[in-house]
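Note that chain A is present in both complexes that follow, paired respectively with chain B and with chain C.
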Partner chain A sequence: MKVLERLAMVDRTVSLREDADESLEGRFRSGDESAMEAVYRQHGSLVYSLCRRTLGPERAEDTTQEVFFAAWKSRERYDPESGALAGWLVGIARFKIIDLYRVEQRNPLAPEAAQAVDVGVESAGVEEMAQRMVIAEALGSLSERSRRLVEHAFFDDLTHGQIAERYGMPLGTVKSDIRRGLQRLRNHLEGFDRAARF
Partner chain B sequence: MPLDSDDFPDPRERQRLSALVLAVTDDDSVRHEPSPDLWDSLANRIAGDSRVDVGRGDAIGLGREGDALHPRRALRRRPTHARLRSQYLQPHRHTPAMTVGRRRHVVPDAVGPNQESVWDYPRPPRLEPVRQRLQISWGSTAIADTRVGFRIVETAHPPTYYLPPGDCDLGLLTASSGSSFCEWKGHAAYFDVTVAGDLIRRAAWSYPDPTPAFEPIRNHLAFYPAPLVCSVDGERATPQPGEFYGGWVTSGVAGPFKGSPGTEHW
Partner chain C sequence: MASTPADPDTDDPGMQRVLSVMSRLEADDFERFDPPADLWGRISVLVAPARADGLVVEYWIDADDVVFWSGEDWVDFARDNDAPELVDLAPGRTLWSHFDGEEVRELWRALVARVRSQLTAATVPLRCDAPDIRRWFEMTITPGDDGTVRFRSALLYEEPRPAVALLDVQIERDSTAPEISVCSWCGKAHDASRWVGIEELVRGQRLLEETVVPSISQGICPSCRELMSAELLVPTARRDGQR
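What follows is the complex of A and B.
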């Protein structure tokens, strides 16, 4: 009984947080600048980290700024119903990064061009790294327990029943936890997929 | 993989998600923090965008024309620190939405005998040497004085002037925080001016490492014609409307200028 109560509490916390996020996203969408700041505070380090890994620390900040400015300008294209904002922002970022790679290769004066060996290969690398970081972000946003269950489901050869047994949890809880976790991952990827070259 | 099939109605999605989850490395979870300046600079751009881009949703394909004029929206635009600063921050803002091809109902002002129309200026912007005398001052103190400056002209904007650092009193300038980026000219650095105990924040900017096309203005200084006194051959320039552009309006240029009320669609 105690466990169930705790689970109910966790559920409520999660849904409260999602409500708060939704209204933040709604305010972002309607052009509220304070919401934009909250969005930046929440996701700035994710976008910056991707830019930094792909472009180096010198160019990461400007590109991060371009990403958020583009997101701001195109905020009405973002649909909170179909994809997480974190995924959407990273989706925009990967286009900016890939475009920068292309520009550099076309412009022989850019010192960075010497390093850009093959834009096609690099772009594929960016695309993949961006998606992995979106997934890492989604996993990181799960509760410790959900995250562990989701990882068990993917990594180990455990069925939902075996996981339930190992953790002494009701099967229904394991299933719904995993489903919610997967939904989070899926939602992040959908955001990513819906981003465009803004 | 023992995930229930009802977890994944679409097998391709399952494959994609599995591959990604299995490929995630520790590095993918590492987060670096950008410098605090980044938000300041971004907030300035956003504040400027809210002010300037009123109702130009059509130009960026959002169909939100008029939205920004809604009274509720106007109320939301409280003065913020960022917005107050923005008037001295952005010398030039280039956005595709301002392309002349998108403009509507622009009727260039009549051009007088000694005038040039900003509607004859090119886009992308062009750099030109200036032989007129350019002076910058604050009160009775001269900050800069030159006859070998440059100007940059761009469609719809009054010219911005760049003065060689050798003709500026660099002792009055100190580096200011933040930076901005222009797709044509590169990164701008900003300077505060201190004269006789008065501190004028972000009164000047320059391009320490310009793009090749703007190489001649490397390290040259541009000043905002407000609150500083900036003059061309003795005529005091007035600031370009809209406050945060850095253009100088003199009797030699005919508008209308980007930044004036009603120019939002340009």
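What follows is the complex of A and C.
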């Protein structure tokens, strides 16, 4: 079997997974508890990793808990059509982390190091890191073929023509695959933008 | 990271933003840490439909901090939790005299002082477990007239568990053993340098094998202290208790 055919099979699998993701997001929004657990299993490490990188392991645990509880309470405000759930969850996490920084700065009982933090700078850093992690997550969610093509185009600086030649693919297919991949990445950032302080 | 090849879609601002973020990606952005194994358990409790039966425990204190009124559920709750001293409150006894932990008492006093001075309600989470039941409450403290304050604790969720002797007031206490501090807000217990679930502490200290157990005292863990401190500093609600 040719590489292209194998990748096409993987793509079909990923397409089924994406359908399942959409179904999961819908069930989550409608208040299905089992969907909530599936959402946590799917995105818990992403949210926890952001919290851990910005708050350290001890506070990451409680903040992750708060993020998922807030997401559950506000699930009806999540619109699967408006952005990916992973981005939305990271968007909520970003607010929780920034709020925690602010509370600590106002809090005379907080450790001296926390009081010395410039909240404006730290908030910008959290915002930036959160967006990068959303994109990294979205890249990881692409089909093998799309991811390879996007990586070649943007990280290896290959032209679409060079990629098409390397894989023996029609140029139009390369372009449409890359476009679809980028749209999925944008969908994740749009989910991020839709999140609010729940 | 590499520059972007020309593509019609990249004129779109949304797409330009994607490409911009991509160009700043770092290796660490792809790294994932697994959350602690018990974290889903803690979240699932919060998202599960409340099995609570609507229990609300309510009482008021006057300007001198003496409990002058308590709802019917107070008596039932105190009786169910083997706290006979709370069934009939001694006249003139302040609320604070029921606290054995100084830090916890002072935090509550500070919170009540803030409620009175700012005429704003405060809402805090609270654990009030029985030996065989985990209970999560939400307490709302609301200012009343003439310095009175209302405490209203609504049971959010409860779940059964194997009885924990350490929490059973009928079990004999070892007066020579160091007291175990239990966080009044999250229910975790202080074990050496860590705060852990009370069942984990019982397993770790092999208390199941003991016929007498250490005394416990009301405490507060660092995470809850942080939350309480924040609650003390941030006005959160109007006088009617609505957030």
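Everything below uses one rule, namely that the second predicted complex is superposed on the first by the 180 of 198 C-alpha atoms of A that agree within 3 Å, B and C clash if a C-alpha of one lies under 4 Å from a C-alpha of the other, contacts with A are read in each partner's own complex, and residues count from 1 in each chain.
Going forward, a residue touches a chain if its C-beta (ideal position, glycine included) is under 8 Å from a C-beta of that chain, and two chains touch if they have at least 3 such contacts.
From a predicted model like this one, the values you see are computed outputs, not experimental measurements.
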item: Side-by-side fit of chain B and chain C on chain A, or clash; value: clash
item: First (chain B), second (chain C), both or neither touched by A:Lys175; value: both
item: Which superposed partner A:Met36 touches (first chain B, second chain C, both, neither); value: both
item: Touched partner set for A:Met129, first chain B, second chain C, both or neither; value: both
item: Touched partner set for A:Leu189, first chain B, second chain C, both or neither; value: both
item: Which of chain B and chain C A:Arg59 touches, first, second, both or neither; value: second
item: First, second, both or neither for A:Val103, with chain B first and chain C second; value: second
item: Chain B versus chain C as contact partner of A:Glu76, first or second or both or neither; value: first
item: First, second, both or neither for A:Leu46, with chain B first and chain C second; value: both
item: Overlapping contact positions on chain A, where the chain C interface meets the chain B interface; value: 33, 36-37, 40-41, 44-46, 48-49, 52-53, 60-62, 64-65, 68-69, 72, 109, 128-129, 131-133, 135-136, 139-140, 153-155, 157-160, 175, 178-179, 182, 185-186, 189
item: Residue ranges of chain C touching chain A (in the complex, touch as defined); value: 1-5, 7, 9, 14-15, 17-19, 21-26, 28-36, 39-40, 42-44, 46-49, 222-223, 225-226, 229-230, 233-234
item: Residues of chain A that touch chain C when the two form their complex; value: 33, 36-37, 40-41, 44-46, 48-49, 52-53, 58-62, 64-65, 68-69, 72, 103-104, 106-107, 109-110, 128-129, 131-136, 139-140, 153-160, 175, 178-179, 182, 185-186, 189-190
item: Residue ranges of chain B in contact with chain A within the complex; value: 1-4, 7-8, 13, 16-18, 20-25, 27-35, 37-39, 41-43, 45-47, 49-50, 57, 60, 62, 64, 67-68, 73, 76-77, 80, 95, 181, 187, 212
item: Contact footprint of chain B on chain A as seen in their complex; value: 31-33, 36-37, 40-41, 44-46, 48-49, 52-53, 60-62, 64-66, 68-69, 72-74, 76-77, 109, 128-129, 131-133, 135-136, 139-140, 150-151, 153-155, 157-160, 162, 175, 178-179, 182, 185-186, 189
